Amino acid sequence: MNADLLQALQANLLSPALLFFVLGIVATLARSDLKFPEPLYITLTIYLLTAIGLKGGAALADAGFARVWLPTLAGIGLGIVIPLWTYAALRYVGRLPAVDAAAICAHYGSVSAVTFIAATNFLRQIGQPFEDYATAFLAVMESPAIVVGVLLGKFALRQSGDAAPLGGVIRSALHEAVFGRSVVLLVGALIIGVLAGKRGLEATAGFFVTPFQGVLALFLLEMGMVAARRFADLKKVGAFLVVFGIVAPVINGVGGVLLGDAVGLSPGGAMLFGTLAASASYIAAPAAMRLALPEANPTYYLTAALGITFPFNITFGLPLYLAVAQWAA
Amino acid sequence: MNSHPMTLVTIVCEKLAREAVTRLLRDVGAHGWTLWEVEGSGAQGVRSGDIPEFTNIRVEVIVPPAVAGTLLARLEKEFFKRYAMIAYESEIRVIRREKF
Amino acid sequence: MNADLLQALQANLLSPALLFFVLGIVATLARSDLKFPEPLYITLTIYLLTAIGLKGGAALADAGFARVWLPTLAGIGLGIVIPLWTYAALRYVGRLPAVDAAAICAHYGSVSAVTFIAATNFLRQIGQPFEDYATAFLAVMESPAIVVGVLLGKFALRQSGDAAPLGGVIRSALHEAVFGRSVVLLVGALIIGVLAGKRGLEATAGFFVTPFQGVLALFLLEMGMVAARRFADLKKVGAFLVVFGIVAPVINGVGGVLLGDAVGLSPGGAMLFGTLAASASYIAAPAAMRLALPEANPTYYLTAALGITFPFNITFGLPLYLAVAQWAA
Amino acid sequence: MNSHPMTLVTIVCEKLAREAVTRLLRDVGAHGWTLWEVEGSGAQGVRSGDIPEFTNIRVEVIVPPAVAGTLLARLEKEFFKRYAMIAYESEIRVIRREKF
Amino acid sequence: MNSHPMTLVTIVCEKLAREAVTRLLRDVGAHGWTLWEVEGSGAQGVRSGDIPEFTNIRVEVIVPPAVAGTLLARLEKEFFKRYAMIAYESEIRVIRREKF
Amino acid sequence: MNADLLQALQANLLSPALLFFVLGIVATLARSDLKFPEPLYITLTIYLLTAIGLKGGAALADAGFARVWLPTLAGIGLGIVIPLWTYAALRYVGRLPAVDAAAICAHYGSVSAVTFIAATNFLRQIGQPFEDYATAFLAVMESPAIVVGVLLGKFALRQSGDAAPLGGVIRSALHEAVFGRSVVLLVGALIIGVLAGKRGLEATAGFFVTPFQGVLALFLLEMGMVAARRFADLKKVGAFLVVFGIVAPVINGVGGVLLGDAVGLSPGGAMLFGTLAASASYIAAPAAMRLALPEANPTYYLTAALGITFPFNITFGLPLYLAVAQWAA
């Protein structure tokens, strides 16, 4: 397994996607004037989410719901359990203010679509089969943790005397969690994939499938720049959060892999399941937190999710979760 | 042609505060607003304008002086400590007083 | 025919393109924060217009002008007749102000490139052959109605005492009709397609052909959002315009199909011809109207063209026009 | 360094009026302008900034006070009822008076 | 609520001068800035905003009046003849005087 | 050879890429409102640079450095010699101010990636083989001339009494020359291509290879508009610079072809080498000049590089350099 792990690590680190990620980091650290315009970032996001949604939906229609409901439930369970244990760790071990702990735990309980996509890319590259309908897990795991995090944060604010009406805030956080752009795109494309099926996917494959891996590489160039810009804030967030940003995904990832294995996924599928558990949201969760918990300091959660966990996961995490999945199988 | 004094309130803040800010504008009774995306640098670091999480918006609203006072007061009380934000007012002159 | 119509309707409504259109509507009605940045919208427009222009031009070079001149003339004729009858209907049945009737009739006489593209997409999907050079009809039918509409509007304004010099306005409307960005892109790409021929098209097919259907799907997502935003104005425009927005395309579409059949087009070609007649411009015409007839209220023509006729055409209209074409053949 | 008073006229209007507005600026004798796209909300609804038909532009032009008067008067007479538009003037100070 | 007078300096210049300008702002002691891209027309022709070489930026910086004087003086001395650029100052009122 | 030249010229002028370039010119001269948004321009630039970088890198890994070092050195040599002779010509024949001569010579010594890409496109189209690793020459030839030009300009300013500290300016010009966005993208992608090799390229070929020629065509549409907008300034820059804008690339191009031939490149490779020598930078060089030599008048160098030399090279230059390369072989 050790030799396999090393080989997988190398395959991952030398893939164009990862190398572009590193280029983005280097460009930022070297103070290059390279910058993606925001419309390009948004376009790439829209593309990646609809593309995996479509593919996942077509696979879902193929597999049938009978094979999907159990891991889906397990995914939702993870989305509730992860924010709870990480909240406790951040609050009582890390001694972070309650509202910050709540905001951060929402990020780690929710998921990062790009990390998931990088994982499928990695599996495809090394020829490891996986359940294509895993995108459905991604879709259901985005929101529950956000709701849990907002509830935790609001209760904490209550106790500290801020008596803002809870109902409205919960409602708008729920709305963001269900109709935020990333969820709408992903779930929408998933349903379209189910309805249009394989034939529909084939008709649009020249756009949604053929260029996919290259688009991901380009997107990771941008993500490298975004992540590297957070490095300057590493000092501000303190040593605990830096350690947390690596230990939490490892725990969640390994736990997720084992759970995925237990609910009957293949090694590739269990690895994706673990990757989802390990990943920290940096699109849906920050938007929801600024809306529902503006009192939480965004430097904490953005730096942890974008500056530490995301780079860790897509470099070392992916091969690690695969190794665990292969060992568990 | 007569032009009438009116107050222009300008808000520069993180994009993720957009909904909260436009809701406040409605609340205080503004009849309209103008908004666009900007980059910025301030006490809370550089906001580079390349991803929505790190973009600012600049909102402009023309209101009668009294409304400007209310608006700034509420911004100070409810927004300044929560969001990366600045706000200021300036005197302008408009033609159609009744529009604002 | 009835069973065919139902089947065609289903094939259309379950195509990825249409489903993305519906997703756009749902996202907007659910108040999602999903939004395409304007540069993406413009990019997609540029892409779609150049791509169909190129393909149409290559097909034109292949077919030879001998087979194209008659339907082209017929198309120009429609571009003059449609605004005249719709003007009369809007003015004397709908009792709309003359300048608004003029602006609206220009939209219905002109054409919508996206509706046309959705129609070719639909035909391709159900395996119905059609003349690829039909893009040429799209190109010639964009401008005539705009000129007719501006003339009608200006005469109306004259009679109501607004003595603005006519020459300058007509000239700038003509300029917009001939050098507006959509016409330049479409006609330019058409000529490039003729000159570069099949070989040129093949060299660039990896960009202009392979991803085309997927790009269209993404674009219709945006169009769904744009259309749905007009729904709020349906009340403002009144019942007559709502009915007009469905009845006019049906009349124009059926008439167009029959005319297309009469000038020798195949069922697929006649269906495209009818679709052009039925479609209402929402790019070139609004721009020309704001320039040449700013007195007309844009809420009327934008809501009718974008909020009613466009959704009707791409959902129910396309299968209907095909059924008529097959029945007429 | 001396700075000189000058008038800044700001116009926010629908993008499709762009040509008409810049032509007017040339007509009244402005030596330059600055322009960008914005979203807006006003009496004529929300202009969402995602397609050219529903985008606004914001035009700024620095002119001597007298020219500002002419400009605003013509905007009121020829533009306000035709286009979704607001316009206002404010006092600024520039270094190179002769430039404007 | 008290608002305090402060000076807003606005610079419109070619995008390629961006680094030089933001460095100057740091030099004169500004605590922040706001910046976005614009199109423009002026003595040095039309800047169409479609490629970086022909785009303008508009930079806004809020500073105490004295700093505004220094800033404009240095712009005049070091920048005006080198870059396509205009700059002007205007009076605004802010809430948190100490922030600027 | 003459017949070949004509045929090559025709193949070039009737390629979709060139025809789109002409369309861009026509649209601008006809005052169409067609315009690419800046984010689209930047996106196309990023795409083109990373795509040729990747392909070049994979070819480089294949060829081995042994075959590349000599032409690379020759390329750097050209990047030093060209600005020196053109400076002399501009200064003493053209009687341009020293600082303007310095800025212009930096542009002609540096290279235009788009011209290079158009050249590879042209060779591919007519079936002329070439060394794919030629992208490496493009990468090394971007910066040297910029440094030479800045030094020439600074010495000139010194002599005219401007005693600005040299160190800082040279350092920032060097930084721009090495970490400017075009260099970072190109060199970064080149290294990624070397590391990821052919397998990595294949994984992303659906994005970086398949649509490449079509994207180039679209980009040249924009470049046609950009170039045509400079035409208005042709009068301002004077007859000498107009002549220079055509004669200099011919001299540099022919010299480059011969040097490429001498260092062992194939006719296709020598033609690319000559094209690089002939081309004038309009991305990296203007940015560096505004930073390091803001005293130089940008109308001169932008109009010469974009309004004269670029159109000349991609229309008549490419077939000419190929004819010379075939004659020299």
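Per-chain numbering from 1; labels A, B, C, D, E and F assigned in written order.
Note that in this section a residue touches a chain if its C-beta (ideal position, glycine included) is under 8 Å from a C-beta of that chain, and two chains touch if they have at least 3 such contacts.
Remember, predicted model here, so these are calculated numbers, not experimental data.
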(request) Could you run down the chains that neighbour chain A and chain D together? (result) B, C
(request) Give me the fewest steps it takes to get from chain C to chain F if each step has to go to a chain it touches. (result) 1
(message) When contacts are scored as defined above, which chain pair ends up with more C-beta pairs, A-F or A-B?
(response) A-F
(message) If more than half of the interface residue numbers appear on both sides, call it same; otherwise different. Which is it for chain B and chain E?
(response) different
(request) Could you tell me which chain lies farthest from chain B when each chain's centre is the average position of its Cα atoms? (result) F
(message) Relative to chain D, which chain's C-alpha centre is the most remote?
(response) A
(request) For chain A and chain E, let me know how many angstrom lie between their CA-based centres, rounded off. (result) 40
(message) Can you compute the centre-to-centre distance for chain B and chain D, using the mean CA position of each chain? Integer Å is fine.
(response) 19
(request) Report the inter-chain centroid distance for chain C and chain D in whole angstrom, where each centroid is the mean of the CA atoms. (result) 34
(message) Give me the residue numbers in chain D that touch at least two other chains, ranges are fine.
(response) 19, 36-37, 49, 90-91
(message) Quick check: what residues of chain A touch more than one other chain, meaning two or more?
(response) 33, 35-39, 42-43, 210-211, 287
(request) By the touch definition up top, name every chain pair that qualifies. (result) A-B, A-C, A-F, B-D, B-E, C-D, C-F, D-E, E-F
(request) Write out the stretch or stretches of chain B touching chain D in their complex. (result) 1, 3, 6, 8, 22, 31-36, 62, 90-96, 99
(message) Quick check: in the complex, which residue numbers of chain C touch chain D?
(response) 35-38, 41-42, 222, 225-226, 229, 233, 282-283, 286-287, 290-291, 294-295, 298, 302
(request) Over in the complex, which chain B residues touch chain A? Could you list them? (result) 14, 16-17, 19-20, 37, 45, 48-55, 82-83
(request) Would you mind writing out the residues of chain C in touch with chain F in their complex? (result) 37-39, 42-43, 46-47, 50, 54, 175-176, 179-181, 184-185, 188-189, 191-192, 195-196, 200-201, 203-208, 210-211, 287
(message) Taking the touch rule as given, give the residues of chain A at its contact with chain F in the complex, in rising order.
(response) 14-16, 19-20, 23, 26-27, 30-40, 43, 125, 209-215, 217-218, 221
